[in-house]
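Every chain is named by a letter (A, B, C and D) in the order it is written, and numbering of its residues begins at 1.
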Amino acid sequence: MSGWELFFEAGIKAVAVFALVLVTVIVLVWFERKIVADMQNRLGPMRAGPYGVLQTVADGVKLLVKEPVVPRKVEYGLYMVAPIAALVPAILIFMVIPIGQPFFIGDREINLAGTDLNIGLLYILAMSSIAVYAVVLAGWSSGSKYPLLGSVRASAQMISYEAAMGLALVPVVMFTGTTSLTAIVDAQAGDFLGFLGIWNIILIPSFVIFFISGVAETNRAPFDLVEAENEIVGGYHTEYSGFRFALFFLAEYANIFNISAITVTLFLGGWHGPDFGAPQWIAWALPIFWFMLKSFALVFLFVWIRASLPRMRYDQLMSFGWKRLIPISLLWIVLSTVAIAVRRLGLPWT
Amino acid sequence: MAHRSGPSGFLLTTYESAINWTRTRSMWAATFGLACCAIEMMATGAAHNDLARFGMEVFRASPRQADLMVVAGRVSQKMAPVLRQVYDQMSEPKWVISMGACASSGGMFNNYALVQGVDEVVPVDVYVPGCPPGPQSLLHGILTLQDKVMSGEITR
Amino acid sequence: MSDTPNVVTGDFEAPTTEPPSQPETADSAAAEARREIHDMWVAGTEEPAWMRSYTNEGAQEMLEAESDPALEIHRGTTVTDDFIVEEPADDDELQILNMGPQHPSTHGVLRLHLELDGETIRRVKPIIGYLHTGMEKTAETLTYMQGSTNVTRMDYLSPFHMELAFSLAVESLLGAEIPERGQAIRVLLTELNRVSSHLVWAATQGTDLGAVSMMIYGFRDREYILQFFEKVTGLRMNHNFIRPGGVAADLPDGWEEDVDEIIEKVSRGVSEYEELFNGNPIFRDRTIGVGVITPEECKALGVSGPIARASGIKWDLRKAFPYSGIDKYEFEVPTGKHGDVWDRYLVRIEEVKQSLGIVRQVLETMPAGDYRTLDRKVTPPPRKRIDESMEALIHHFKLFTSGFKVPAGETYQAVESPRGELGMYIVSDGRERPWRMHARTPSFNHVQALPTMMTDSLVADIVATIASCDPVLGDVDR
Amino acid sequence: MSALESLADAYPDLVFEHVLDPPQSVAHVPADAYLDFVANARAAGFDVFVDLCGVDYLRRDPRFEVVVNLLSYDPPARLRIRVGVAADDPVLPTLTETFPGANFYEREAFDLFGIVFAGHPDLTRIVLPDDWEGHPLRKDYSVGSVPVRFKESPKAQ
């Protein structure tokens, strides 16, 4: 294996991930608008392409050609950097998620993930924290009051939920014994009684806490305090327009998909799923299909939550994070430890 | 076609109409409700009339991200500077629909308090008549605006 | 404006009095400094200097911080409570934030001047007038016949109540008797209007708390009622249907089925809202104990309607001073205990059900007869007579061009609008046009009471409190 | 004894009108007894502030009138207080000490009629811009209507 081949492979993967993120976001936004519309007895986008499938394209291109206003009072450098700082981590997170079964070209194994980091989980936690910096910086650098309130809220929210998110992952690591996402998916291979996948979903408290923190991490309803339209107008992106706003928009939806994909990877068996004895050329694509299906099911959950729940208040959000999620995570870690110990060493009195 | 003043090469016109297509299909309105008409504007966004069909359910609270200002209701002398400021805060290209009799001409309130027509403050692209205009009238106004944008009648 | 050709509603002989000099404003240097801080909208980044000098907006400052009895009442700190210790906040820590007039949750063009300590509101000052339409002046130029066209545009969510209050006031000066069917139609329409107004409240309350679907649901159910209104009056809003002397026309054929359908659909919708909200822990957390106002404060500030009822005052003008034969129908007056947003939610939802009950009773007991008074003085001749008789045509023409004369006198007539006591004070000088018409509108008091409800709450609670007061800015500014 | 009767006993000189439909009582109060009377009315049971507005009678003396509406919840009764205000010195004491709810209404009356309420904590214009000249609801103030112009018509050019 030469260096060129590695470079080539990495290049293709990077481009592919970027393209995948864009396509997913385009589908995702349309999906969300259609689902929300259906839940509200409406039709949703209908005019841009058949059933409005090109709606996101129209939005994106329009924002691209729209005038980007830079208000007078901004901190110029940070104001410009913030949208990029929002989007880059979103794409970087997606780089480590395995979206399908590894396959072989000749004797070369191609892993269907941007890269297989052996510290994948830590990497994800680190990257998602950086994404919050973008929000904080955007709010602060706008030099205006509503964005500032938004960024203050964002930092408080990050502190509360980052901790819960990290703690929720500890039992997963303890059960699977690895922090590599590929290895975690592999650990969920096989089935139980012939049809139930042995997924990490048995760690239900972890799953629930991780998903809730994920919703908070992506600033989605009911935790969308950062951009609460009815309270602080647009929050951190109030002063952004044109393409810079589009980057925030893109990052938000990419993050939604990321959280769904990570949840699928960690708890729902990743790309594992029945292959129904399909022929080789279909069986190759089935894992990707399962992965996407599971991810979009979770995205649907995101949308469902958004369509039905009111927004939480600042202090309630904090107390929910600190007084509920974190203690439960800690308790669950202790229980998991005991369970693992029992599984390995047997009951103490036997 | 006589009134078209933009570039005339084939590629450029195609590009131009593609851009115009995206603009018409994704015309985000600023939440700028003033009076009775604002209620009808909200009703237009609701289930029965569903502005979302045109990709317009995205009401932007921040004018910087909005393309369209629907001046829905009577504009008082006190509100006029604010209205102008919101208009100035919107980024180009931007359009204005004057919704209802009061916004278009002062309506039945020809008195000291009201600006007699919002076109004294901001340039208006489409006037929607009615007091208040029903959702169908507003939709018609929006479609008219889209036609005008599409045909290049309004170039910004 | 005064140099333009004008219509003067009074007589010209009167001496013009110089407007009295305005009281001295606060220290101009301090005001100037404040004005620098002040920004009109969100950004505060683009306010050109000419605009500031044009509107002189900054002059509407927060009150000086000295303790002033009225100010204390405003801030809700007159309640002496041993547990409350005033935290001295440094001026540097406070920031002034303008919410509105263009803000998604100020229900139009309300502007709130907030003094924030972090996210906590220390002081609030509502600034109104951005929708001032001069309707009270316009009313002096319109005949009584045209008057309801004007008033119906005040509170655009409950136009029938505005028309009813105006008509009742004019009728009490005229001494006109309205036939039973006309009264029943009035009750039917006003109660349906109460339901539709409360549905808009439900929509905005939900959406302001972040439940986006509620917006659509509320407007969806309201649409059924508006379609009925359109069928009856020809307009979806601003109907000008209830007029002095009765109503403009009889109900259309088949109205019973329509009303029946509305009752069924709206009841279903309301039970959907309850499903969405009643057991929802986030909704309860967001509303319980938020925006509290006590009965004493309600009385002193003139707060009425569902807000007063939610704080425990069992008072409904429909029970206390029945109008338009509403005492013939049975209904309950729901009350709350705590006066918070949650109780207002419960009270309003219950009011919707009670109103639907009244509508059901009207549907079952609609009397036959005339829908307007037969007094030829105020009622135009029937359409058929105009074709036959020249006198009728002239009478019709005179009535609609110059209106009818109303005996001199003054009256105050109030109805229970969806927002509270809606009063109409009319002074007549015996001619066709009111000498003075003043509308006592409930939202005006509610906006005034906002500081009392909001002080020391969070930004998110402000939004919930405004929505629960359900102010209509057309009603506030007139 | 009802609230109204006790009030009438306290002020034997005052003129009370009783209107039956709708049931309300009207008291004509001289300007110097105004504040005192309202405070007594509140003590007598009319403790709900309803309304305050100005009226311009133009040719009458006193030219202005301030009309205050009070309400008693139990028993249900309305009291309307009418106070004349002279045109050359349109000053009345403020009600905000007794009823904080009078705050906005007094500002409105000041804004639209130019009646000054002495002692009001923040007597500024409320519905009109601060730099407005004149008081529009006075009878000698024009409605301010502008003739309808059609922009495309040749005359308007």
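Please note the rule applied: a residue touches a chain if its C-beta (ideal position, glycine included) is under 8 Å from a C-beta of that chain, and two chains touch if they have at least 3 such contacts.
The model shown is predicted, which means the values in this text are computed figures rather than measured ones.
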Most widely separated chain from chain A, with each centre as the mean of CA atoms: D
A-B or C-D - the one linked by more C-beta pairs in contact: C-D
Chain nearest the overall Cα centroid: C
Gap in Å, rounded to a whole number, between the CA centres of chain D and chain C: 20
Separation of mean Cα positions, chain B and chain A [Å, integer]: 36
Length of the line joining the C-alpha centres of chain A and chain D, rounded to whole Å: 61
Gap in Å, rounded to a whole number, between the CA centres of chain C and chain A: 45
Set of chain C residues in contact with two or more other chains: 1, 42-43, 46, 54-55, 103-104, 129, 132, 134, 137-138, 216-217, 220, 477
Where chain B touches two or more other chains, by residue: 46-47, 61-62, 64, 77-78, 89, 110-113
Multi-partner residues of chain A (each touching 2 or more other chains): 40-42, 229-230, 233, 238-239
Touching pairs among all chains present in the structure: A-B, A-C, B-C, B-D, C-D
Chain C residues within the chain D interface of the complex: 1-2, 4-17, 19-20, 22-23, 25, 54-57, 59-60, 63, 68-71, 73-74, 128-129, 132, 134, 136-138, 140-141, 168, 172, 299-303, 313, 315, 320-321, 323, 410-414, 421, 423, 425, 427, 435-436, 438, 440, 444-445, 447-449, 477-478
Residues of chain A that touch chain B when the two form their complex: 33, 37, 40-48, 52, 54-55, 57-59, 61-62, 65-69, 229-230, 233-234, 237-242, 245
Chain D residues within the chain B interface of the complex: 127-129, 132, 136, 141-146, 148, 151
Chain D contact footprint on chain B (complex, rising order): 77-78, 105-106, 110-113, 116, 119
Partner chain C, residues of chain B touching it in the complex: 31-36, 38-40, 42-43, 45-48, 59, 61-64, 73-74, 76-79, 81-82, 84-86, 88-89, 108-114, 131-132, 134
